[in-house]
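Notes for the one structure printed next.
For reference, chains read A, B and C in written order, and residue numbers begin at 1 within each chain.
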């Protein structure tokens, strides 16, 4: 309580005789207007705000604290940082195309210090492939998630905010997309167009938006009824302002949590496509590496195991981060003091 | 009414890691008596009730005090004995009757549960008893209502069901924590009427926890006024209204517009208590000192003792007896 | 002409088990500078009436005329200039402020939306209002969760008044506050009214507060106004049995352990009783009450009652 703000507190001037006088002011001694209303001021205003400043800063800071104290989330975060670093450093460490043949085939991991993770059946460096593959996985994962989020946010917020027939139509649309098995839709989309990174990314984004749209819609429906949104309407705010400024910031926590898991599932979908040979043939990805090693599973199992582990750990890391974010941003825990 | 003491609380202190929401609280409840504990939110009145039931949240700790209930110190009982006491000898009802009832069980199920647990009744006997209880709390057509789910009942009816559950095992003490705050004024009157009738018919004692001074004076035999975890005044209701002593009690009585009072906004403002209860945090002396109109320098350093100005009366304010302050107490009331 | 004139207003909702008649044929006026109280129990439709008047809920039938302009069915766009003059204060000081915006943003946004002045002028207006409601300027950079209930209600009042409205619908503005804070907020509202020449439609379930704070009172029961009178007349001679029951139900220190004035629950607005809607709970009910719905009848210049037995009172 030694906050300097406390000292700024306006002095409470209270005449005890006046304070307990319920009778109307006497006509012969009219109180000046200022004094009559002097008690309108809230003398504890500063004290209350300093008191709460002491118990906890903003909710964002608190959420960050909770997140940073969560060992699982930190493990996930550290691993993800490693993957990002690998993706960023790949062109520096291995400027050569990872698809080029650099040594004799089937060098086992740990037997040659130049190729710590060995080489594949065509003599390509596995470590170089893993690092470059991280670029593709992350790129597809993040961009596809952004596409899915954007489409899902627009459709979900429109449906949830406006309700009525707009909601009915959009919910039908969401349901139609969701009834199609998403991976088959993905395969069809990629098969129709050329299998390039852009097409794969776009296709993954397209199959993942309905999840976001559903979530955003339900959040918007709940928040739309809150008094501060009703207040915004009563103040004459436009729809766009209400959606973006009033509702969206309050709907964000579950959306953030979901997006980390979406990145993970996008990485899985890309890997699966590449494994099936529907990825970009000119680029190495973790999925295509597994696909290439599939035939040699009995003789050189490391060719599938190493990219497989990369996928498992990355997806796990993203899920751990998602759980950590959920704990940190969940309003149930936000209320604790 | 001056029967033997049923419950006696001495120097009860409840501590959370950062704050002490109940501090050195003492009071007695006699057999068959209604004691009201009045205070605004943050006064510690609800935590006191939970402490009596030994139902405090995990973070809370009772750091000192005794709670004697008909000769046993509740704080020394093991979990098993306290569980057998809860619901059977001490029962509690809460403010929000919707959340205190399980939505997926019929009200009959919820009433019979306690009967079968504590009284060992057969399913059939418990059901008959449950119908009797619903009738006792004046629920119309109880034999039909017993198979209803909570959402099929109105707020007032749900609170009646809660009361039926609470009195099922004929407790000797019923703690009602803001039992009518969520209810409309006409329903509130019915529920209070019912509680008082049950108190007489079942000869139980009642602790009525409320923020509403009007309820208190109409229904209580004895009133404890709490502020920021401490008892600041105790009196019989008539005396409390006729001559409130503590500046906080006086402030509360003056700040509330009253129905029988011909005072209108065009006549002037209401008398305010400035500030809020948050200002009590960190006060070494009297918790009300930051908002008190007659605060003296001594008030900020030392917690005032409870003084006994008259029989059945306690007040934690020495300043009120100082020269020139008594007339303030009597004015305008 | 009245500042606000509502006539034959109905607000019905289509529910799963039939139509919910939340507001069912209500007419009322609010004059310039007047505080009109609207009293009733929860579920009587008083809140819906407030929201229908501010066009936050669509009316089913009837008309709302504010400052000689019929606003019953005009578009949201044409409503915007009206909103400036017709504001609302909400009950829940914890729910009515956006938790993600600081106080400055909350108070500045209405000015931006309505194109008030430039940046400096808006900042000045915000500071003037925060001073006026008795909060320090340092409050502007803080977030709602850092304030107590009473302080948040001050912020809600500042937001409602920042556009300089003429009529403010106050929906239970003090019911969620502690007693010691209620008086502060009522005093603030009444000083604001005096300074700014406001009119209030003051919705409350608390008769004591309504008695202190209003000039004229409307008593509402199940979507209908059952009694309307100026403040003093109503308390001197309440005529509707429901009004009297409400008054008797308020705990009174001078009475000890008095029996409840009326029995029974408020019926559901989806299933409104025939005839007089109060008859199942009414101590005076006779056969006519069960069949004929009483109309509001005048009992003096300012006093209207909808009861077949109002004379018997």
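In this section, a residue touches a chain if its C-beta (ideal position, glycine included) is under 8 Å from a C-beta of that chain, and two chains touch if they have at least 3 such contacts.
Chains and their UniProt names: A = Peptide/nickel transport system permease protein; B, C = Oligopeptide/dipeptide ABC transporter ATP-binding protein.
Everything quoted here is computed from the prediction, not taken from an experiment.
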Most heavily contacting chain pair (counted by C-beta pairs in contact): B-C
Most remote chain, CA-based centroid, reference being chain B: A
Averaged-CA centre spacing for the pair chain B and chain A, given as whole angstrom: 46
Averaged-CA centre spacing for the pair chain C and chain B, given as whole angstrom: 31
Chain A-chain C separation of Cα centroids, rounded to whole Å: 42
Interface hub residues of chain A, defined as touching at least two other chains: 36-37, 39, 41-42, 44, 48
Per-residue overlap in chain B, given as positions that touch at least 2 other chains: 251, 263, 269, 271-272, 274, 276, 278, 291
Where chain C touches two or more other chains, by residue: 148, 150-151, 184, 187, 191
Touching residues (chain side chain A, partner chain C) in the complex: 5, 8, 10, 36-37, 39-42, 44-46, 48-49, 52-53, 58-59, 226-228, 230-238, 241, 245-246, 249-250
Contacting residues of chain C [partner chain A, same complex]: 51, 54, 56, 79-80, 83-84, 87-88, 90-92, 95-101, 109-110, 113-114, 133-136, 138-139, 142-143, 145-148, 150-151, 154, 156, 159, 163, 184, 187-188, 191
Chain C partner contacts - residues on chain B that touch it in the complex: 40-41, 154, 156-157, 184-190, 192-193, 196, 211-215, 217-219, 237, 241, 251-252, 255-261, 263-265, 269-274, 276-278, 291
Residues of chain C touching chain B in the complex: 35, 41-42, 148, 150-151, 178-184, 186-187, 190-191, 205-209, 211-213, 231, 245-263, 265-266
